[in-house]
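Below: one structure, written as structure tokens.
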Amino acid sequence: MKRAIVLAVVIVVAAGATAAALAKPSATGSASAAQAVSCKSTLTIPFVTPLTGGAGFIGTEQATWAKYAVKTLPSHYGLKIKLVFGDTPVEQGPAPALALAQKYIADKSVVAILGPSTSGNAGASTKVYTQAGLVQLSPSATHTELTIGTPAVPYIGTPGFFRNVPGDYIQGPTDARFMINKLHVKKVVIIDFQEPYSVGLADIVESTLKKAGVSVTRLSAPNTTTDYSAYVTKVPNDADVVFFPTQKPPDIQTFGQQLLEQGKKAKLFGGDGSNDPAHFTIAGSYVSNFAPDITSIPADAAIVAGWQKDNPGKVVGSFGPPSYGAVQILLEAIKKACIQGHGSIQQRHDVIRNMKKVRIPNFILGGTFRFSTKTNDPLNAKFYIFQIQSNGKYKLVG
Amino acid sequence: MSEQTGQPEHGPAIGQDEWVARHGERRSTRDGPLGTLETRLRRVPWWAWLVLFLAAMSLLPLFYSSGYVRRVGFDTVLYMMLALGLNVVVGWGGLLDLGYVAFYGIGAYAYAMLDSDKFGIHLPSLVSVPLIVVLGAVVGLMLGLPSRRLSGDYLAIVSLFFLELFQTMTTNGDNVFGHNLTGGPFGILNIDPLHAFGHSLTVQHAGVFAVSYYYLALACFALIFVALRHVNHSRTGRAWRSLREDPLAAEAMGMPVNWLKLMAFSFGAATAAFTGTLYAALNTNVFPLGFYFVLLIIVYTMVILGGSGSMPGVVLGALIISPLLEVLRDPGKSRVVFYIAVIGAVIVAFRVSRRLGAIAAATAAFGFVAHAVAGAIDHQWVAGGKSGGFGGVLAHWVIVPTHLAGWVAPVSYVGLIALGLFLTVASPVVRLVLLVPTLYLAAFVWENVMLASPEPTRYIVLGMILIVLMIVRPNGLLGEKRVEIV
Amino acid sequence: MDTFIQLTVDGLTLGSVYALIALGYTLVYGVLKLLNFAHGDVFMVGTFIGFGMLQLLGGTSNPLVPVWLLLVLVTFAAMAGCAVLGVVIERFAYRPLRDAPRIAPLISALGVSFFLANSMQLLFGAEPRNYNTFALSGGALYLKGVDIGSVRVPLLRIITISSAFALMVVLWFLVNRTRTGKAMRATSFDREAAAMMGIDIDRVIVFTFILGSALAGAAGVMFALRVPTNVAVGFIAGLKGFTAAVIGGIGSIPGAMAGGLILGFAEAYTQGYISTKWSDLFVFSILIGFMIFRPQGLLGRADIRKV
């Protein structure tokens, strides 16, 4: 009897607490509310990217370029910037990204977010950041629906999310049209890896190819696959191209070797995730990337040299330079907000408002950078197609 | 047969075995002040502890208005609930369930499907949540049913396969005969927050995590705690205990062993599913990878650390591990945690004695000498440390080079492990002598190698906790040493 | 028909690696009744040791020794390294728990697995490591081979499959024709009785771990010669090897070999003929069903519990 009474009391208390919680119109939002941050103090930019786990090599490469940018650029703008890293391994889903979001929102010195680098985390945390007024600039989240909605999938982004690389809705059709117009394909095999990047890209390429009457075989490999032999076996002998949008260059290299091993004639086509001259060297293959090789842009020579001095023995990859560019864009926007606020950032939102005003000539990825007026993507972004030559060099072909 | 109550204070009673009755409640008490304290504390009724605990936890948002702390607090409460559920399966039922987080995922995904734009269904929360709890229990039953004849190892295998199955189904569920059921790797987004009586519990205000969810989680936790305690002290709970101690004897005594196992499985699954709904409502999106192996190990560590079979134990385990994992993300704070842990371990190992003092002094001296020598050889070898605060003070003791040569990290790390392992088998004298350089090497490795990559470090700490716990204190913090009946 | 031959070769290659890993699980389960969850991570460490040895010998582009010697040395290094690791794990993480309730060493194994995988990540990072076998003698291992019908089976696969079988034969010999092997079999049958007969249980168990871990190391090299390795492969490889051991009947050595091959074929055929997307799901559903109706696996003994 006593137990029952106690049980009842506890449940009533619990219900009461719940009712009280439900009835409260708003929780004490506090700390992050409008408090001007002086531009003379050290501002913090967190970089939310996977530094460990299966996609860790992406984040570690981006980190080196972001560090170099934060080392060399802020003085030009008269700013003091501290770069901190938030590790979001892909194996744990969005939970770390959301926890980190709360952490950075609570930190008053944070004025902008670099990243999130993965499309999954970008989609999961953008609402929270934008509601808190923090701008997010991702150097690698290319999922289409982060900046525009499509008939198939609704828009999942927010006005505070930007990216300085073009989305899959540009890469997909570019790749597909290259295959149709330049390679005259009749039969294509597309493989996805059951994670957001490859599935999104594969879907777009598949639909574009199908509309043009190309016969498409779609295969799907679990993300943990290491041995693609059975997939190679499924590639028809008369297939022209295998589209392999992996983010792990050693995998596409292995796949290509296994294609040769089984005597298949199909050419390999990789997305921007496979763009890695150090690891992917199969002659005759194609790779698409959102920037021409920056080592061939004269204006970037000094930057590349400086970066290589800080990172001896490392090779310039494809994930790194956009991170440098992203830091530059953020600094521009922050500077503009500082000027607008007369030496301090009155509200975090001010940085978001100034993003579209950013213009950077001689941008690291080539040309002048500005955002499109219609979306939060770069204006006139395009993808470039490269073919790997027999000496392993990447040659621009489209 | 009359029921044993364990209170045979007045003379022999008919039908009661005195020795067994006393035995059932016997605990090994310590001598001295600690033992008296323990006995006194045990006399406080459990619900008083619960109320006290809830009150303390409720005060948290008053001290910390940061959304981050609230968020971590909420996650901790969720972990507490998960640990309670796993405690039912592992601690009370004695079943090694390696697929436990699949039920967590099922609860989350079910809520996502029933309360979002995905299929256009928006059931009121008061309908969907109990429905999902029942669903969790049913799925647990279904998984347990065919496996009821399987013994411990095989059940572990089947439940592990079930987890893999769940992972594969959710990742590939975006194209089931042309229908997008689970959203695949993109997960399900824009899940409704909990709503009842026309009010919606918003998740955040201006990006800051809302405190109402925290209180709601605490209320749910209290509910589960009370419910499970009720079950534990009923006949089913006692049957579980006897099942755990000796399944063969229990079966021989006529207990419905298989049914009991199923009940344990179901209860655990239902608790996990319930927690899953809270998770989904707060995060407003679910992804397959959120419910996988890493989470399983974390929950297991909490249960084992706290003491499997003890409800307050696993709650304590969750309370320790969850904030610990968060704190270890930040190099500055993990440094503090490390030193506190090491110093604490040394104090516990040696008690307050002369040996303790000798060790402390020797380690400090060793460190300063090593630091001075290294600094004299090459200034760059000691220049890498932080300048201010706790780290700055330490920088004069630990060697922190500015640039670490490639071979230093693996060699020192493996060397530390080898040294540590050697210490466990060395003779006491050698052990004492080698302890000093080992401690210093540990500090060196922590500062230079582990703080540089906090993510794997967090999990290394977790793995070590598991291993050391099982060897040194398998009953965890609050679990009880099983009394052997000869 | 071509596809069938190709898929069979694929299945054989996959299966041999799984069988070697499964043998490690089965050997340890036989003597200790312990599911050694850390075994997959020992396999992963083996791939890295092989990689290190490879770099030491000049790498695949400029090997300092002839190709065959390179492969032998790399395999040997991995086997030796893994054997040491296995013995250390047994001595410090499992031996203290030998008389503890069954759940204790299992939890400890989980802890060791976690610890190993994350330590490797801490020390060596998350980047994949590629043996780049293609560079050896200009791709000879890939492009030269034996022809079956119109399908060419490359040298590398032949080497992989035959070395795996050779190792299994050696193992069979060690277990069935030597005294220590006999002691191992006795211990796995009844540990207490074996101890009473004068068998040094500790030595037998160490021997078992050496065997099992060395096989994992060899499997690691065979695996990494064909695909890039990273710190995360241990988990999946362990799961597959473990699955293979269970199918074949855990505790039975021929069972592990059979289970490994069956799993390899099942994967290859379901991926080739049914669907790549659902192959995992298919395999796991079959497994759960299998476990429920025949938990002792194909060749295992039904567990007789003594009252």
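Just so it is clear, A, B and C label the chains in written order, and each chain counts residues from 1 on its own.
Keep in mind that, in the parts below, a residue touches a chain if its C-beta (ideal position, glycine included) is under 8 Å from a C-beta of that chain, and two chains touch if they have at least 3 such contacts.
What you see is a predicted model; the values in this text were computed from it and never measured.
Asker: Quick one: point me to the chain whose Cα centre is farthest from that of subunit A.
Answerer: With centres defined by C-alpha atoms, farthest from subunit A sits C.
Asker: Check B-C against A-C and say which one is joined by more contacting C-beta pairs.
Answerer: B-C
Asker: Of the chains shown, whose Cα centre falls closest to the middle of all protein Cα atoms?
Answerer: B
Asker: When the centre of a chain is set as the mean of its C-alpha atoms, what distance in Å lies between subunit B and subunit C?
Answerer: Between these chains, centre-to-centre, one finds 31 Å.
Asker: What's the distance between the Cα centroids of subunit A and subunit C, rounded to whole Å?
Answerer: Distance between chain centres, rounded to whole Å: 37 Å.
Asker: Would you please write down the residue numbers of subunit A that are in contact with two or more other chains?
Answerer: 51-53, 91, 194, 220, 222
Asker: Of all the residues in subunit C, which ones touch at least 2 other chains?
Answerer: Within subunit C, the residues that touch at least two other chains are 121, 235, 277, 280.
Asker: Two or more other chains in contact with one residue: find those residues in subunit B.
Answerer: Answer for subunit B, listing residues that touch two or more other chains: 168, 172, 453, 456.
Asker: Can you list the residues on subunit A that touch subunit C in the complex?
Answerer: Spelled out, the residues of subunit A in touch with subunit C are 51-57, 60, 91, 194, 219-222, 224, 226-231, 233-234, 248, 250-251, 253-254, 257, 260-263, 279.
Asker: Which residues, counting only subunit C, touch subunit B once they are in their complex?
Answerer: 33, 35, 88, 91-93, 96-97, 100-108, 110-119, 121-124, 235, 239, 242-243, 246, 250, 277-278, 280-281, 284-285, 287-288, 291-292, 295, 303, 305, 307
Asker: Please output the residues of subunit B touching subunit C within their complex, sorted ascending.
Answerer: These residues of subunit B touch subunit C: 90, 94, 96, 146-147, 149-154, 156-158, 160-162, 164-165, 168-169, 172, 175, 248, 252, 293, 297, 300, 304, 409-410, 413, 421, 424, 449-450, 453, 456-457, 459-460, 462-467, 469-471, 474.
Asker: Mind pulling up the subunit B residues that touch subunit A in the complex?
Answerer: Touch list, subunit B to subunit A: 47, 50, 58, 61, 65-72, 75, 168, 171-172, 174, 184-187, 189-190, 196-197, 199, 201, 204-213, 215-216, 218-220, 222-223, 226, 230, 233, 283-285, 287-292, 294-295, 326, 329, 453-456.
Asker: For subunit A, which residues are in contact with subunit B within the complex?
Answerer: Counting only subunit A, the residues touching subunit B are 3, 6-7, 10-11, 13-15, 17-18, 20-24, 26-33, 51-53, 87, 89-95, 98-99, 101-103, 105-106, 120, 123-124, 127-134, 156, 194-196, 199, 220, 222-223.
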